[in-house]
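The data blocks that follow each hold one structure.
Next come two complexes built around chain A: one with chain B, the other with chain C.
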Partner chain A sequence: MAAFAIDSTKSTPRIFFDEGKNVLEITGESYPENTSEFYDPFFKWLNKHLDGLHDECFTVSIELIYFNSSSSKILMNLFDRLETNVEGGKNIVVNWIYDKENESSLEYGEEFKEDMTSLKFNLVKKG
Partner chain B sequence: MIKLLDLKKDLDEKGVFLYFNGQISQELLVQLGDTLKQKLKTEEVKSQTSMKVFSMFVEQMQNIIRYSVSGGTNVPPDLAEQQVGVLSVGFDGSNYFVASGNKVDTVEVARIREKLEKIRSMDKDQLRAYYKEMRKKEIPEDSKGAGLGFIEMARNASKPLEFEFSELSERESFFTLVTLISRE
Partner chain C sequence: MEKSENTLYETEEITIDEAEGVLKDEQYHGSPLFSKYAYLLQQYKNMFKQLRRLIRLSDKQQEKLNNLNNKLEIANNLIRKTFGRYLSDDVVKGILSSEGLVLGGETRIVTILMSDLRGFTAISESLPAETVMNIINIYLSKMTDIIMRYNGTIIEFIGDSIFVVFGAPVFRSDDAQQATACAIEMQRAMGDVNRECRERGYPEVEQGIGLNTGELVVGNIGSDKRTKYGAVGKNVNLTARVESYTLGGQIFISESTLKACGSILKIVACQEVHPKGIRTPIKIYEVCGIEGDFNLYLPEKAPENMTEITSGLGVRISVLEGKHAGDETIEGEIIRLSARSAVIRSNMKAERFGNLKLALIGSDGREMEDDLYVKVTESPAESSSTFKVYFTSIPLKIRDFLQKTYLDAI
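Right, the complex of A and B next:
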């Protein structure tokens, strides 16, 4: 699988794919000026990665302190994409990591989880 | 001479602690956003409240960046000023407020008003359902955002969104949006 890594900035998250563990991590904050433009290279990589998956488990781990409304839409697109792949027989797990001090982060995670039917979506308390 | 002291007194009196008037960029948003986060830290508010204020700030700044349009009838479109607006953040004694203002095309007023009135009529549960419904929808290719900004703001606000349009000319109107976040 091809590697993928983008360093974080104040308004964009770090996106890192750990090839050894088959874990994708999205961490930090997300409020870029042009959200679709920022995430476009990531989705291109993701599509290829999903196509290349067999039986192995692919974990997507998300820990976002803050994301704006257009990033919320992008996350929805991401989860929809993952769900489609699960329905196509792929083994994918999402870990939504939230801070116990940040109630909204848990609520946001719950709202995504509710919209998923076949994608395994874990809400993971940090600390 | 310009009376900046009068302006400052007025802002202080209304509890405004962050104010900007002019052209807004993403870089400026990030810088001012940092200042805002620092300020809220010293106020010792709950992290959730502080996050809501920050979220209002980002959504409104990005609305100005994406949607503010201006230019008089004599100005060619490429010379018209863009991404220009006013933004203020303050505390009125019980609520934080984030307010912004920018020019919009007068022909757009009815559409924006309708959108905001619809959101204003909803309670928290309805807003939650509406937000999720809109998030599932495909975004038109030419759209600059996800169209979720106002709903996100309404969900974070402790009172319904307040807004006003003032017609500046046949072509231009000034749009003011005020959002309140209870300090709790």
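Right, the complex of A and C next:
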């Protein structure tokens, strides 16, 4: 499985794939100047990675403090893609990590979870 | 399709219902475009689902931002209200702006206003500290309201004096006129100040105001730990000098303020003076009103009823340097008297605008306990040994004594 890593900036999240654990982490804030441009290489990598998955569990761990509307659309695209893959027999889990002090983060997680029928979507309290 | 609770997505839902109706119609099932139609409908439904979620998320974000904004506004108002008692609104606004508080100054043309309670230092020596503070607070409270109404920036209160600039931090094209109108309003408000003083059993006070227009360096002075909005420059000193020539109720302005105000000022007198520390003599103008949109005038002065003191009232005169009396005293006598002024005969060469301390000599030949402070308003003419003075500070006991002397003379 190919490695993937993007360091965080003030307006973009850190995206890191842990090859050993088969865990993808998206952490930080997301309000890039050009959202499509920023996430394009990630989706290219993700598609390849999903294609190469067999029975192993692929975990996507997301901890976003703030994200703009474009990033919301990106997240929905991501979850739809993961759900399609789960419906196709892949083993994928999403962990939406929220801070107990940040009520909105939990609310956003609940919003995204509502649409998922096949994808396992966990709301995980931090700390 | 899950129905919305309101009509926000009515069109989209009708579209989907109709499209699903078409899909159910068996007559289209054999069509070559049927599968493409079904795919497009599924994509449309997906997109609609995402749209609704996006709008919900966006509304939540907006609500959160609104709440934060409201909290920020409440906090800012609290800060403005708290600091507004120490600084002008414009200075507070500057501090709360994105740039924050930056140390440093800039040279600006401003009109400086300095006011002072004439003779108050002498009065305060014979009053309890709390009374002194209460009188100052009555005065400053009334004056502050007026100064803020005219967009003046109070740089500081120095005891019973107020140091104000017009034109910093915010420049306005009519700063000098605003400052002069403000000074007139301040003098007019002294009636209210003294009414309150009388009601509370305090002595009445009088205010002198000096105005001057010129360059000053203004800005945030101090250190990272303690900062104030300040103003420095020789024009501060000049304004203080202009103010020092005033009697209670008067407003004096420098030539630069006269020019900056234009023809709308009403001037009653012009004098040439040579202040200490200033190289050449300057002209100062006594203002009694401002026309134009302001249309403000000082109250008319009551006529002065002077009476002869035929027996003469002995005084020992000392010249005041700043707030201190010199050691040397000269004998003299009051030969004419009114409620606020007197004519003194003496061998001393009294200088106009000079400040004197008078010790009154009673009928027993002894000096009275309290002193009378006066300003020379008319210096002796050639070959004359008399000069006129205005009482800047009259202790209560002296006031009673002079009143009795005046009535006896009538």
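As a working rule, the second predicted complex is superposed on the first by the 127 of 127 C-alpha atoms of A that agree within 3 Å, B and C clash if a C-alpha of one lies under 4 Å from a C-alpha of the other, contacts with A are read in each partner's own complex, and residues count from 1 in each chain.
In this text, contacts are C-beta pairs under 8 Å (C-beta built on N, C-alpha and C of every residue); 3 or more make two chains touch, one makes a residue touch a chain.
No experiment lies behind these values; they were computed from the predicted model shown.
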{"item": "Side-by-side fit of chain B and chain C on chain A, or clash", "value": "clash"}
{"item": "Comparing the two partners chain B and chain C, which touches a greater set of residues in chain A", "value": "B"}
{"item": "Partner chain in contact with A:Tyr31 - chain B first, chain C second, else both or neither", "value": "first"}
{"item": "Chain B versus chain C as contact partner of A:His54, first or second or both or neither", "value": "neither"}
{"item": "Which superposed partner A:Lys125 touches (first chain B, second chain C, both, neither)", "value": "neither"}
{"item": "Partner chain in contact with A:Tyr108 - chain B first, chain C second, else both or neither", "value": "second"}
{"item": "Region of chain C that runs into chain B when the structures are aligned on their shared chain, from 6-14, 24-32 or 42-50", "value": "42-50"}
{"item": "Residues on chain A lying within both footprints (that of chain B and that of chain C)", "value": "69, 72-73, 76, 104, 111, 114-115"}
{"item": "Chain A contact footprint on chain B (complex, rising order)", "value": "26, 29-30, 33-34, 47-48, 51-52, 54-55, 58-59, 62, 65, 128, 131-132, 135-136, 139, 144-146, 148-149, 151-152"}
{"item": "List of chain A residues in touch with chain C within their complex", "value": "69, 72-73, 76, 80, 104, 107-108, 111-112, 114-115"}
{"item": "Contacting residues of chain C [partner chain A, same complex]", "value": "46, 49-50, 53-54, 56-58, 60-61, 64"}
{"item": "Interface residues, chain A side, partner chain B - complex", "value": "10-11, 31-36, 66, 68-70, 72-74, 76, 101-104, 111, 114-115"}
